[in-house]
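Multiple structures follow.
Here subunit A shows up in two complexes: once beside subunit B, once beside subunit C.
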Partner chain A sequence: MSSHEILIGLAGVLFAAAPVVFATIGETLTERSGIINLSVNGTILLAAMASFAVSVSTHSLWLGFLMGMAIGALVALTVAFSSIALKQSQVAVGFVLTLMTRDLSYFLGNPYMGLRGPRVQSLPIPVLGQIPIIGPLFFRQDPLTYLSFILIGAAWWWVFRTRPGLTLQAVGERPEAAYARGAPVHRLRYLYAAVGGALVGLAGPTYSLSVKAGWKGTISGLDGIGWIALALTIFGGWDPIRGAAGAYLFALLQWLGLVLQPYMPNIPSQVLQVAPFPLMILTLLLVNIGNAEWVDRTLAGLPPDARRWVRRILRWMQVVPPASLGVPFEEE
Partner chain B sequence: MTDRRTGFLFMLLAVLVALIFTSLVLVIAGASPVAAYWYILKGSLGSWTNFANVMVAWVPLLLATSGLLITFAAGLWNIGIEGQIVLGGIFTTWVLRLLQHSAMSPALILILAIAAGAIGGALWSVLAGVLKVYGGVNEIFGGLGLDFVAVALTLWLIFGPWKRPGIGSMSGTEPFPEKLWLPTVAGSRLSLWALLLGLIGAAVVYFLLSGTYFGLKLKAVGKNPRAAHLLGIPTTAYLMSAFLLSGLFAGLAGAVQVTAVYHRLIPAISSGYGWLGLMVSMLINFQPAWVAPVTLFFAILNIGSIQLPIVLKLDSSLSGVLQGALVLSFLLMAGARQRWQEKHGQEVSRE
Partner chain C sequence: MKIELRHIHKHFGPVHANDDITLTIPSGSIFGLLGENGAGKSTLMKILSGYFHPDAGEIRVNGSPVVLHSPADAIRFGIGMLHQDPMDFPPMRVIDNFMVGYPEGLTLPRAAARAALESISARFGFTLDPDAFVGSLTVGERQQLEIARLLWLGAQVLIFDEPTTGISAQQKEKLFAALRRLAEAGKTVIFVTHKLEEVQILCDQVAVLRAGKVVGQTRAPYDLDALVRMMFGKAVSKGQRTSAPLGDVVLQIKRLAVEDIRLRIAGVNLEVREGEVIGLAGMEGSGQRHLLRACAGLVRPVEGEIWVDGENLTGKGYHEFMRRGVAYVPAARLEEGLVPTLTLMEHVILADEQRGLVIDRQTALEKTRDRIATFNIRGRPNLPVESLSGGNQQRALLALLRPGLRLILMEHPTRGLDMESAIWVWETLKRRCREERTAIFFMSSDLEEILHYSDRILVFFSGQVSEPIPAEGTTTEQLGQLIGGRGFPSGKEVQP
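Presenting the complex of A and B:
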């Protein structure tokens, strides 16, 4: 493999990671406010199908993207509404929605299977695109990839460096305290459910109108990605930058799987396609195991030096969810 | 209005909302809702053969849902159930392959194979349990990851070590000789042995959860693990046994799929019955008495929708849309009912 091919491959990784970045950051924002939207997997499928259908029928990419984001926001608002107004379990409602939206996408998408539709064109940026290495990686992409780059920084800045972001954190951690200080907890949870949901929805058209253009029903290869995004939200410790890093790692591993496949003829391609899932378990294990009691007990038996290093690594990996994630709150 | 009547009215409303939603979806797809519902009923109840097929689908769904109620009682979301069904199918196939040319009686081989399936499901479930209890990995993600791994394992077996003579294909492994099939009712695919297994399974879970101390303590762990622990219930042991038992039932579902339905290992051996079982569990609010009738109803929808692509050129995933709409609207109506009762000063009944 030449260095040129590797560069093209890596640019492809950044491109293919964009929808995962959207979904992971969207879910991160929603969960930061205390709402778990478990419907991500089905939402992405339905948004991908619907936005493709809209774009094919209207020849407008804009309307397609609008459709995908609207679906994402609507589904997430359903979760928020059933939790806030109707006191139902977020996990239950989210799970039903993830299955139902998936079946809806297959049912309604049937007539659009295999059709040719419009797709987003790449938009090289003049001057910057000519810089060696950096140019092809970051400045010869399509607008969605640029948007994903901007979103990572913007979301991080919003959550950790602005006043509304501070309120968002407070709403997810200690809603009573936030409410006492005048934050409209329920309204903010609806807002972040809608915004986060719209970003999750954006992942749909980013696939069906760009990364994997078209709609192929059950063999679209999108089923499962939403679950990865949910796991990446945890892996990222509810931090947009760390979550996005996880998304790039995921895309990188998928690309490596494709590149290495010819060297492993005995392993069917279907097996390599699911490789991210055991890795998902492993990463979740790594970020959570520091919380386990038996680990502490085992570590006590190690020599002090080794213990200190293991502790340091575990603490670096460890993540703690927003304290009120999934917990209902009564405004009085 | 009495409490009971309110409950019934809200239930009716929930069904109505789900039907309206699904009808709208059908209209969007350019199909007549009446025709679609009619063909679903005809395709599932229209003939003895069709109804026998409903029963064939009912058995694994019954077993999977029964198993799920055990984990739900312990407050666990056993999303790994799909993979546990798959592992049941794999273990059953494995034992059948090992023993199919032996001198053992076919009945004994079948019993061993089905037992192996149950063990396979239980092992996969316990793995999710270990990840949860000792590794801090939420059972939803651990289970889900293991679902995908199980499917990959199936594909690897079908295309690799267990491939058909010649070339492996998506149609699965080489079918077993007919003597190793669970006997079926003449002229149908229904095995009364499988049906019996499913009904006994549902009865066992009903009894376990509503009539034993084990069930009572399991529910205590599910409601409030810390309080249960303080009361002297070994929480970890109860959580692990919930995983084990649930996986056992899922494994049996997979064993039935191999020995009674497909007679070989196929890529989609679980047929999505694990997901469907999760939906049913939520719809019936985790009450064991409702498992049998509601799983039967869901099996009717599944089998009935199989003909939709042929007669109406619609995708058969309509059954999933209708099932999802039902569960969602029941959840929403349960919340609406509570609000309504609070407003009207009635005591909120706990079921």
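Presenting the complex of A and C:
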């Protein structure tokens, strides 16, 4: 493979990762507030189908994207509402919703199967696009990919550098304490469910109107992406930058699976296609292993130097969830 | 600001937690609110800080009635509260914690916050590292942080709900000095407590609450016996020091070393006999907890051995220790000891020996009623544990200990308990020593408690452990000096 081909391939990785980045950051924001929205997988499918249908019918990409985000926000608000107002389990509701939206997308999407529709065009940025290496990688993409780059920084800045972001962290960590300090906990949880849900929804049209343009029903290849986004949220330790890094890692593994296939004729192609999924599980295991009690016990048996180093590495990798994730809170 | 509470009522189900409370709290002085566990002190203060809504009644600020829909409203009126359990965010850094709840702006006022934290700390003699994690601070430091934050927000009315629970003597002095200065500066300071000494040295006037009602109000100087009678409805006293006769060796610790990222204790040797009570004294975080947790099998020692009843249990897990009759009672009641959202009855079921698949509700209910009666818990079987008052949570925790234990390991057995409850708790514990030959190993920051109830004492100083000293004949002053490091080799750590 020539270096040019590699460059094109890597640019493709950044492009293909954009919807995963959207979904991961959306879920990160929602979970930061303490709401766990398990409906991501189905939401992406339904948003992809519906936005494609809207764009085909109206010839408007804008309306398509709007539709996708609206669906995402609505589904997430359903989770938030049933948890906050109806005192139902977020996990149960989210799970039912993910199944329902998925089936709905296949069922309602039938008339639109295989139709040709509009798609987002790439938009090279004049001067920047000419810079060697960096240009083709970052500045000859489509607007959605640019948006995904911006979103990573913006979300990180919001969560860790702004006052409302700090309140968001507080609400997910200890809602009763945040409430005691004047934060409107319920209102914020609805807000971040809606915003995060809209970003998850945005992943749908990013597929159906750009990355994998069109709607092909069950063979669209989108089923499972939502679960990956949920896993990446954990992998990222609820940090937008780390989560996005995970999204790129995942897209890179998928691309490698494709590229390496011709060089490894003995390995069935399915293995390489599926490989990214177990690899993601492995990384998840690594970031969570430091929390386990048996690890601590085993460590106590090691010689002091080794013990210190292993501890340090585990601590660096370790992620800690917002303490009140999925836990309901009652304002008096 | 002058605060008036008029005819405040608050019910929790059948519990009338505040029953027609009317109080006038002037500014520029320290107002004490005294009462036994479950008297309704925290409830009243949460109403004043907007956290709870009263069922009936009125709050007046400087003479005009106000309605507080949420803590945000109270903060706007300049009312700030230091809650009984620190309402902060352990995984965050001090400086971030300091800024949570700051009311305006898009970006964080980092520089201003640092400067404010520094100047307030300097003014009140607090020592707070802005970059440390809150979870690594002592309870006293967490309170200092909260006080500094309330002052930064410009609170005019400051409510302190049992702020001396779990802080060292030095921290307490600093805190009291700070409170006096706040009152001198014209702020309204409300000090909630169940400790008479504190009322005596700090408060200009005091109101006593019992079973949700104001039962009396007096000014300094106080008649302590009268206050006790108001609080409990009768006279209460601590009684004589007693010791149970000692029996066989229960626990043997040999050259033990335990460590975590922050601290290492090493070279601990000790034998504990049936019926013996050993107190672990020391500043919070000097290693007492490490030793207790190692003896419970919760952390694995890096060196040395632990024997229980002649059997080497080194490196075994908590369940193995439990099977041999070792029980552990943590200080963080709601984090480690009890399961929030589960009811009292469900706790009794969980703590019982697990037999069969289906829960026998009827028996469980009877058993729970029985425990509630014997342990004098103010609560009902189907009440979630987090809604019990602090003192009643502690009683519940004790009610869950099985009979016939060999060794009980306790962190702060009476933290947050009023005098009567504390005496009662120790009576139950001592009875176990006498009748069931149980040995007890406990840590406490209350020196009086350690001297009064233990047979021998281990003193901890930043990871170093003293030889056991007999409690009989040791004075509070001597123990205080030992805790401060006297008699320990200087330098950092002793390596074996």
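Heads up, the rule we're going with is that the second predicted complex is superposed on the first by the 329 of 332 C-alpha atoms of A that agree within 3 Å, B and C clash if a C-alpha of one lies under 4 Å from a C-alpha of the other, contacts with A are read in each partner's own complex, and residues count from 1 in each chain.
Basically, contacts are C-beta pairs under 8 Å (C-beta built on N, C-alpha and C of every residue); 3 or more make two chains touch, one makes a residue touch a chain.
The structure displayed is predicted, hence computed values, not measured ones.
Asker: Would you check which partner chain A:130 touches, where first means subunit B only, second means subunit C only, and both and neither mean what they say?
Answerer: A:130 sits against neither subunit B nor subunit C.
Asker: So, A:122: does it touch subunit B (first), subunit C (second), both, or neither?
Answerer: It touches nothing on subunit B or subunit C.
Asker: Return first, second, both or neither, reflecting whether A:266 touches subunit B, subunit C, both chains, or no partner chain.
Answerer: The first partner, subunit B, only.
Asker: Now for A:60: first (subunit B), second (subunit C), both, or neither, which partner does it touch?
Answerer: neither
Asker: In the overlaid three-chain picture, which partner chain does A:167 touch, first (subunit B) or second (subunit C), both, or neither?
Answerer: Touch status of A:167: second partner only.
Asker: Is it subunit B or subunit C that touches the larger share of residues in subunit A?
Answerer: It is B that touches the greater number of subunit A residues.
Asker: If we overlay the two complexes on their shared chain A, which of subunit B and subunit C does A:107 touch? Say first, second, both or neither.
Answerer: In the superposition, A:107 touches subunit B alone.
Asker: With the two structures laid over each other on chain A, which partner does A:224 touch: subunit B (first), subunit C (second), both, or neither?
Answerer: The first partner, subunit B, only.
Asker: Examine A:92 and indicate which partner it touches, taking first as subunit B and second as subunit C; both and neither are also allowed.
Answerer: Once the two structures are laid over each other on A, A:92 reaches subunit B alone.
Asker: Per the definitions at the top, what is the overlap between the subunit A residues touching subunit B and those touching subunit C?
Answerer: Comparing the two interfaces on subunit A, one with subunit B and one with subunit C, no residues are shared.
Asker: Could you please specify the touching residues of subunit C with respect to subunit A in the complex?
Answerer: Touch residues, subunit C against subunit A: 49, 51-53, 70-72, 75, 81, 83, 87-89, 91-92, 96, 99-109, 261, 299-302, 315, 317.
Asker: Mind listing the subunit A positions that touch subunit C in their complex?
Answerer: 161-164, 166-167, 169-170, 173-174, 176-184, 296-297, 300-301, 304, 307, 311, 315, 320, 323, 331-332
Asker: Where on subunit A does subunit B make contact in their complex?
Answerer: Residue positions touching the partner: 38, 78, 82, 85-89, 91-93, 95-97, 99-100, 102-104, 106-108, 110-111, 217, 224, 227, 230-231, 234, 266-268, 270-271, 273-274, 277-278, 280-281, 284-285, 288-289, 291-292, 294.
Asker: Show me the residue ranges of subunit B that touch subunit A in the complex, using the header's touch definition.
Answerer: Those in contact with subunit A are residues 25, 28-29, 77, 79, 131, 134-138, 140-142, 144-146, 148-149, 151-152, 155-156, 159-160, 275, 278-279, 282, 314-315, 317-321, 323-325, 327-328, 331-332, 334-336, 338-339.
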